[in-house]
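So, here come the structures, one by one.
Here come two complexes built around chain A, the first alongside chain B, the second alongside chain C.
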Partner chain A sequence: MRVAGQRAITAWSWISSLLLTGSVVTVVGFVLIKSLPVLHWRLIFGRTPPLEALWRWAPVTGGLWPAIGGTFFLVITAVGLALPFGLGAGIYLADCADGRLKRGLTLLFDVLAGVPSIVVGLFGFSLTIFLHRYLSARIYPSLLISALALAFLVLPYLIRGTQEALENLPNALRLIAPALGATRMQNIFRVLVPKALDGIAGGVLLSIGRCAEDTAVIMLTGAVASAGLPKSLLGSFEALPFYIYYISSQYRDPQELQQGYGAALILLLVCAVLLATSLILKNLLARRVRGW
Partner chain B sequence: MNPNTDCKIRLTDLSFYYGPRRILDRINASFSEHALTTIIGPSGQGKSTLLTILNRLWEEIGGGRIQGKVEIRLDGHMVDIYRDLHPLDRLRRKVGMVFQEPNPLPMSIYKNVAFPLKLIGATKDWHAVEAKVQSALSQTFLWNEVKDRLHHDARTLSGGQQQRLCIARALMAQPEVLLLDEPTASLDARAAEVIEELLTRLKSTCTLIMVSHYLEQVRRVADQVMELTHGRLNHQ
Partner chain C sequence: MRSERCMQSALAAAAWISAAAAVLIFLFMAVLGWPLLGNGDLMQVLCGPWSPMHHQYGIRPMILGTLCIASLALALAVPVSLGCAVFIQVTAPKGLGRALHHLVRLMTGIPTVVYGFVGIFLLVPLVRNLSGHGAGLSILSAGLMLSLLIAPTMILFFVQGLAAVPQSHRQAACALGATPVQQLIYVLLPQARRTLLAGVVLGLGRAMGDTLIALMLAGNSVATPQSILDPTRTLTAHIALIIAADFESPEFRTLFICALILYLMTTLAVAVMRRLAAKPVEIP
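Moving on to the complex of A and B:
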């Protein structure tokens, strides 16, 4: 009976893994096949020569270049805004807070993680109206407002990722540096955080993915269909997820729909580049800390 | 023992509690300077806890409560470590500790040994740091074994080498007292022998207090033996 049970669990594990891998391959393959006919420089740069767009910053019409740039700026700004607060709060929860306060804050961040992105988008939109009315009439839905709203959306991933990575460290490790005369902050930043880098990086990667794919937030807070490359943080912008949503719901001919699939493939590539960059940065940081 | 000069550590009516449970019960004891005192006794009697009381490391774990007085002669002055507002980081540099399991930090051999200097910001003079690292590694008979791979991951060393590395790291802070919590428990006989020889030599610079379960080892190295049973510490 025990052997049969073990075999059943093993088989179920294999089936689950194969199903998930198969799903990913199917989705990526589907997008790749559908977008193959439009995979050309024109998909990205439209009628503008690529070198003109890249070196001379020439305006691109009818291509995805502004949306790619907008997505990069958006993700980097949002994660850049969220990272210091997410790390700080995660470290506080793992190593400083205790008792009722810790339980209360943990629950609060779990609730925050469950807030639908459309609600966060509406909050960002309301914030824009409030700031426009009471702070400056120059404030409109913009890259900054979108990035702020996305930062708010991904904060729980960063906080809980950091907290769990630190809390999962063995207790013996926590005592090494204090036994050598390290202060609490030295212990946290010289030993515990470097050791928990892999776990923390997991939260960062999740945040990057979430920022790159979310449409509900940006369509209410600053993304428009034809803004060009973002000129400033207070300007409107284009973004790939918004373009995909827009083109797939309002396409006029099959060619436009294919462009939507092409944009989806490019969004996957943008995510891969951002994830690879953050992994490389994490490894460089780890190597610097560990010194071999 | 001359009470004014030879006594390095004095415990007066020391009791320790975890929640309602009393672990140590009104202990009165003195530990001689430049001697190796071993604490023996059955498991779960509070031997490791007693060590962590001497450098206040139990406070990092929390949940405990202490009564009584712990005085240690530091820089020539008897200091009540729980009342005299002695800076905690300085106390722990002066009262070093080596744990039962070798615990190198996840960094290179060199960085592990230089870590205590990094903590006090004393790593600007690279030549001085290198000299100190070499001296600490030589003191623990490790220099010849690792001099060609100082920048390798410290966790690639054998168990015995890792434990000597941890002792070298503790020595970098120039401690006056070194606490050793069963330092040879996870090592083979040969590695344990090397550590014993090292401890015998260290007596000239440090006061050593070691928890051990191996009576043969205690007979070989100890100058003073105390047994901890039912919360009381008795001289042997």
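Moving on to the complex of A and C:
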């Protein structure tokens, strides 16, 4: 290959990298610069004094507090619903299933991971109507329905995270306890899971991030523009990503728009911190395994 | 020993229930869309125009919209992603490559709604002013932003594919006097071909499944687009836009056809990807 061609390829790789980096810096920088003027306690708590809102649950108007609280409860409920199934299925795939069964199950989990979130949202929406009609007329689009649909969405992330963490453990470790007479379950729960705990936690954090950022599911299953802090599982709720979407088309004055930028910055930071922590935890596990 | 068996059944149950979730979603959509699928109206729905005034509920404009935006995003993102992967694996000075790799990993965490938000207030005015045509809400705006969304997924996949080529093959080429770029062209790219293709398929699946960027940036018009500066509506945005109160209306039924198409497309993408990537690759 000629020198000119090689130079062209090198140049193309540099240009691509610069283009990508430039675009990301533009996106993040734009949000940062536009939200700088509103970076103040008032962005979150409005006119309510922060301590009042935190200690006495004083109602907050004109701040992001209800949306942040809504997202918080939504994520806790969704991950709480998905966690037992995700962890169980992950452990089952890593240490109990093999051959055909394992391939089949992974295929289904990959399919589930690929399902667009709006389809999951539509599923949640029709489930609500179904339940409303046949189970109880008190069921409407609500926090619980959103959390249930989100649980479907993050299930594959939890499963994959758990499975990978366990499968990355060295083979020798897998054999020690059985050689000493431990049963398979004793081996899994006393030796393997504790050793892979940071990797598993990494997967959980990743799915928390997915729950916090998803908009398509909750916009069909109960997120609204103003509801205050969620009062019950069966009520509608506010959420940070939905707020951002809502403001982008419905803002009434520049001030509201600036609050939208503020919300985007907060969501960006939350997701970045969650993802970074998850990567660090996975790295920790990988490094420890290499040390053995 | 009884608790032993109990535990194992509990784990198996968790796995089967999770697997059932994937099937359940499909069945739900299929059953609810069945009245349209069953009575032969399917072709009319797939190929007709959307105009509820005239009782026409065709989703052809949305299928076209999805294809236009997804293929534009892919066309923009593939060369850049491959370039970045080559940079990380081959041409970068050591520290820079690692830095870019970390940045790309973090990029996967940027919420799509933030991309959409920045798109509306930064990219759309830019497209509007530069083209001098329409409102700037167009296939081009959505495609550009979407390419940024799918790039990190593809880059991570490409990097894995290039890194999976055995070190010894690279060393052999090196011993014959090949420069790093020559190793890339004659050894890495041919050997990683299937994984690279799998990465592109994965990117296509992501591009078709995304809702917020198309919903916020593509304008959502139901007319068939004539150029990339025209607005359009994707299947995902179509689902997001209709909140019909009447569960039985044909308008609402078409949503399930949209959802079924999306489900089948992404499932197909997953199947093709799994076939192409010979060794199991970590899907980012």
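The working rule: the second predicted complex is superposed on the first by the 237 of 292 C-alpha atoms of A that agree within 3 Å, B and C clash if a C-alpha of one lies under 4 Å from a C-alpha of the other, contacts with A are read in each partner's own complex, and residues count from 1 in each chain.
Convention: a residue touches a chain if its C-beta (ideal position, glycine included) is under 8 Å from a C-beta of that chain, and two chains touch if they have at least 3 such contacts.
Source: prediction; values computed, not measured.
Engineer: Between chain B (first) and chain C (second), which does A:254 come into contact with in this model arrangement: first, second, both, or neither?
Structural biologist: neither
Engineer: Have a look and say if chain B or chain C is in touch with more residues of chain A.
Structural biologist: C
Engineer: Touch check for A:183: first (chain B), second (chain C), both, or neither?
Structural biologist: Both partners, chain B and chain C.
Engineer: Tell me which partner A:99 touches in the superposition: chain B (first), chain C (second), both or neither.
Structural biologist: A:99 sits against neither chain B nor chain C.
Engineer: Contacts for A:174 in the overlay, against chain B (first) and chain C (second): which applies, first, second, both or neither?
Structural biologist: In the superposition, A:174 contacts chain B only.
Engineer: Regarding the shared-chain residue A:195, is it in contact with chain B (first), chain C (second), both, or neither?
Structural biologist: First partner only, chain B.
Engineer: Quick check on the superposed pair: does A:31 touch chain B, chain C, both, or neither? Answer first, second, both or neither.
Structural biologist: A:31: touches chain C, not chain B.
Engineer: Is there a shared patch on chain A that both chain B and chain C touch, and which residues make it up?
Structural biologist: Chain A residues touching both partners: 183.
Engineer: Could you list, by residue number, the parts of chain A that touch chain B in their complex?
Structural biologist: 171-183, 186, 190-191, 194-195, 289-292
Engineer: What residues of chain A sit close enough to touch chain C in their complex?
Structural biologist: 1, 6, 9-10, 12-17, 19-21, 23-24, 26-28, 30-31, 34, 84-89, 91-93, 96-97, 105, 107-123, 126-127, 129, 152, 155-156, 159-160, 164, 183-185, 189, 209, 212-213, 215-216, 219-220, 241, 244-245, 248-249, 260-261, 264, 267-268, 271-272, 274-276, 279
Engineer: Using the touch rule from the top, collect the residues of chain B that touch chain A in their complex.
Structural biologist: 55, 57, 60-61, 88-93, 96-97, 99, 101, 103, 105-108, 110-111, 115-116, 118-120, 151-153, 169-170, 173
Engineer: Sort out for me which residues of chain C touch chain A in the complex.
Structural biologist: On the chain C side, the touching residues are 1, 3-4, 7-8, 10-15, 17-19, 21-23, 25, 28-29, 32, 79-84, 86-87, 90-92, 100, 103-118, 120-122, 148, 151, 155, 179, 181-182, 184-186, 205, 208-212, 216, 236, 239-240, 243, 247, 255-256, 259, 262-263, 266-267, 269-271, 274, 282-283.
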